[in-house]
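The following block contains the structure, expressed as structure tokens.
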Amino acid sequence: MSGLTRQQMADAIARRFEDDWIVNLGVGIPTMCSNTAITADIIYHSENGVIGYGPMAAPGHEDMHLVNAGGQHVTLKPEAAVVHHADSFAIIRSGKIDVTVMGAYEVASNGDFANWKIAGAKGGGIGGAMDLAACAKRVFIILEHTQRNGAPRLLRQCALPVTARGVVKLIATNLGLFEPAGDHFNLVAIAPGVTLDEVRAATGAPVEPAPGMTEIVP
Amino acid sequence: MARSKVYPGFAEAIHGIEDGSTIGFGGFAMPGVPFNLMKALQSSGAKGLTCVANTTGGAGQPRMPDIGHLVELGMVSKVICAFTAATRASDQLPFTKYYESGEVEAELVPQGTLAERMRAAGAGIPAFYTPTAVGTELAAGRETRVFAGREYLLEPALPLDYAFIRAHRADASGNLRFRRSQRNFNPIMAMAARVVIAEVENDIEPAGAFDPDDIHLAGIFVHRMVVIPPAPDGLWPQLREPRA
Amino acid sequence: MARSKVYPGFAEAIHGIEDGSTIGFGGFAMPGVPFNLMKALQSSGAKGLTCVANTTGGAGQPRMPDIGHLVELGMVSKVICAFTAATRASDQLPFTKYYESGEVEAELVPQGTLAERMRAAGAGIPAFYTPTAVGTELAAGRETRVFAGREYLLEPALPLDYAFIRAHRADASGNLRFRRSQRNFNPIMAMAARVVIAEVENDIEPAGAFDPDDIHLAGIFVHRMVVIPPAPDGLWPQLREPRA
Amino acid sequence: MSGLTRQQMADAIARRFEDDWIVNLGVGIPTMCSNTAITADIIYHSENGVIGYGPMAAPGHEDMHLVNAGGQHVTLKPEAAVVHHADSFAIIRSGKIDVTVMGAYEVASNGDFANWKIAGAKGGGIGGAMDLAACAKRVFIILEHTQRNGAPRLLRQCALPVTARGVVKLIATNLGLFEPAGDHFNLVAIAPGVTLDEVRAATGAPVEPAPGMTEIVP
């Protein structure tokens, strides 16, 4: 029961993107979505005001004036435009981001999630996460299904301080694709070689197979 | 006749920063950070500063001048940032120790709210409502209000005494151009500030060098400018070392 | 693959405007006014429109398409403008008769508040405070609040269903450039609108024709574009006749 | 007792401008301030986003994309920059305009003035006047001292709906330069050939000569 790799989790999310979507990818596994081969024509938006960025710059060809929100040196597509931070978050807050894909420490079956504060820490790292979570049309989360010690990250309620409430629409973990459904998660698609019982054992909330549940083709 | 805005060096350009000033530092990751002005500030002797930036800094390598350095020098009483702690449990920011000991205060602000609070200050708006952070720890005990069935948080403007910014090109009247994601917080911090000090990556060009349609920050916002010398005298963005 | 944003004519570009829509018309004096789209709208049969612009129009000669024409055609139920009456006692706007008879409603808004209300809509801000109009008839009975000893008026965002705008240059992805004071309300109306329709003064250029640093309105805001033909088929700004 | 011409009224105001001031000139007589020969280095700002405009365009040399707030075709100085309407009023509301010069129907000794609504009219023409009046560092008013029927425009209190309250710092009329002083106007400078009694007779509030009152040199 290892399930999907990190890239496969990103692939499972990226394949849900639709034509003309404006997509914001968070730091970590979400940035891997831009490696997925998809046919949809996507516009990538980055909090620091880059609209229409493309693949990572090849080593040695980095533009020192150009990074995405993760600080990675990206390239620009022909349709790219640059705006300042206030205009960039105007785009976010006004609901023009079709999907934001973020990592998280925890996600709950009521749609809450937590990704800005580590247990016991003073302070935190919010970045653009709260704006995106509150305002994007869809919030997709990618995270390992459990902590290193095996404790579940998919919970009935978040234990950590939340980033936003009731906003998560879709979750990719190494074990499958899930939708928060109030008091439980719907399992939309299961990773190959993983059983429903294994998923249930690793999850801190009830899990129900969604009607028409499929097996993920990595 | 208007006085020249061009200063011979960074120390001269930041001369006279009063104790207790609120200073915004532009930049996001490496692009657009006023590294040279921040370095000069370390030697200024200013105390009790409130420092505003995306992050307190110090998470990446090589480490460039950041708010953390000013904190380590005992110059800072408060930071207002979107990152006040590391997001990986295995990391620790230089700032953290001083924050946890209570030596320095911190106000943690979502990045879009941070940008908009400065934009509001620069636009004469004392306060505005935002959906961001509603229902979170950051909204605890604060004023919210429902518009059209959705709950919003009241956020105050964040005016600055000084904005330290970095631009790609400048003309003698202070009109600035930024390159690519270098723009980020720089123009809005400038609009929020009483005094704007810019480090510039190219020689100052004559007034009229830019088409008036192609100016990212109008010269009326810019008070002092310094040309950044080539490395090693000047500090320039570096490639980040890959993370483990 | 993304659908082309380029439409063959003005009638096609404005097709489907629903009765009761709120439409913003860019422009200030002659520059940047979408004369051709406004003319096409006259034949659209749309009813019950709320029209947002700097002015209801009709004060100067030659008279170009304006909100007053739409009012005369019975298409308008409300205007939201910074000018709803002439400022000279000797003048009368075409709109005035319909306003005085009660046929059309008007909301008179200071120009900066008008701009900021649309900017707020485009920035996800439902309401903000402004010092403008405090103590005037416009503030009568409305909510005010004191911040740091000064009184401010609460103003709501002004979202638009459609923005009709005029630009100088466009690329195929909808990135726009405006020339000189043509910019005015156009970018902020576009940011406030659900659907943005642009008339463009030059042939549409390929994506990538503009440096990403030199775009005044990003293509993600622009949905439909039409190239303006040369006069007399296309409408272009005219010199105003001198006033008596 | 005709006093100053319209251009001389504008001159009397323009000579108060100081180096590096950002100046906004309203429609009508105020635009004539830009004709005045002064040594101060001024930046003219127009509500429609033009920063740093210069003299009127010569006939036949108008740029059809470029007007000031009065719709006049102006030229640009080398330091000019263009912004959109929201940024233009950001400059105004944040107090960066050193002086706004406006026309008015009435101005009161308490610093109120009225310039957006004609008596009996439904609706009005506010334009940028309320933003400028509320937010500029200084509000200077230029107006004819009396109406055509001789009724005073300088009053104890405005009869017309006001544009802003308590903001006027200096007034130029054909009879002189005045400062609102609460229950009266201070006469700072008097037009040549005009007597204090004539000024008082034409004014709807008490007028006191300011200490060091001068005669205007047109």
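To keep things simple, chains are lettered A, B, C and D as they appear, and every chain counts its residues starting from 1.
Here is the rule we use: a residue touches a chain if its C-beta (ideal position, glycine included) is under 8 Å from a C-beta of that chain, and two chains touch if they have at least 3 such contacts.
What you are looking at is a predicted structure, and each value in this text was computed from that prediction instead of being measured.
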If we look at subunit A and subunit C, which chains touch each of them?
B
How big is the gap, in whole Å, between where the Cα atoms of subunit C centre and where those of subunit D centre?
28
Can you check how far apart subunit A and subunit D are, centre to centre, with Cα atoms defining each centre and the answer in Å?
56
Averaging C-alpha coordinates per chain, one finds the centres of subunit B and subunit C separated by a number of Å equal to 34
Residues of subunit D that touch at least two other chains are 76, 82-83, 86, 89, 92-93, 135
Residues of subunit B that touch two or more other chains sit at 116, 119, 123-125, 130-131, 179-180, 183, 212-213, 216
Chain touch graph shape: choose line, ring, star, complete or other and state it.
other
Which chains touch which?
A-B, A-C, B-C, B-D, C-D
Subunit B residues touching subunit A - in the complex, by the definition given at the top
28-32, 54, 60, 82-87, 89, 96, 99-100, 106, 108-113, 115-116, 118-119, 130-138, 168, 179-188, 216, 236-237, 239-240
Residues of subunit A that touch subunit B when the two form their complex:
27, 46-50, 62-69, 71, 73, 76, 82-86, 88-89, 92-93, 115-118, 121-131, 134-135, 161-165
Which residues of subunit A touch subunit C in the complex?
19-20, 22, 41, 43, 45, 51-52, 76, 78-83, 86, 89-96, 135
In their shared complex, subunit D is touched by residues of subunit B numbered 1-3, 119, 121-125, 171-173, 175, 191, 206-208, 212-213, 215, 218-220
Give the list of subunit B residues in touch with subunit C in this complex.
116, 120, 123-131, 145, 147-148, 150, 152, 156, 177-180, 183, 212-214, 216
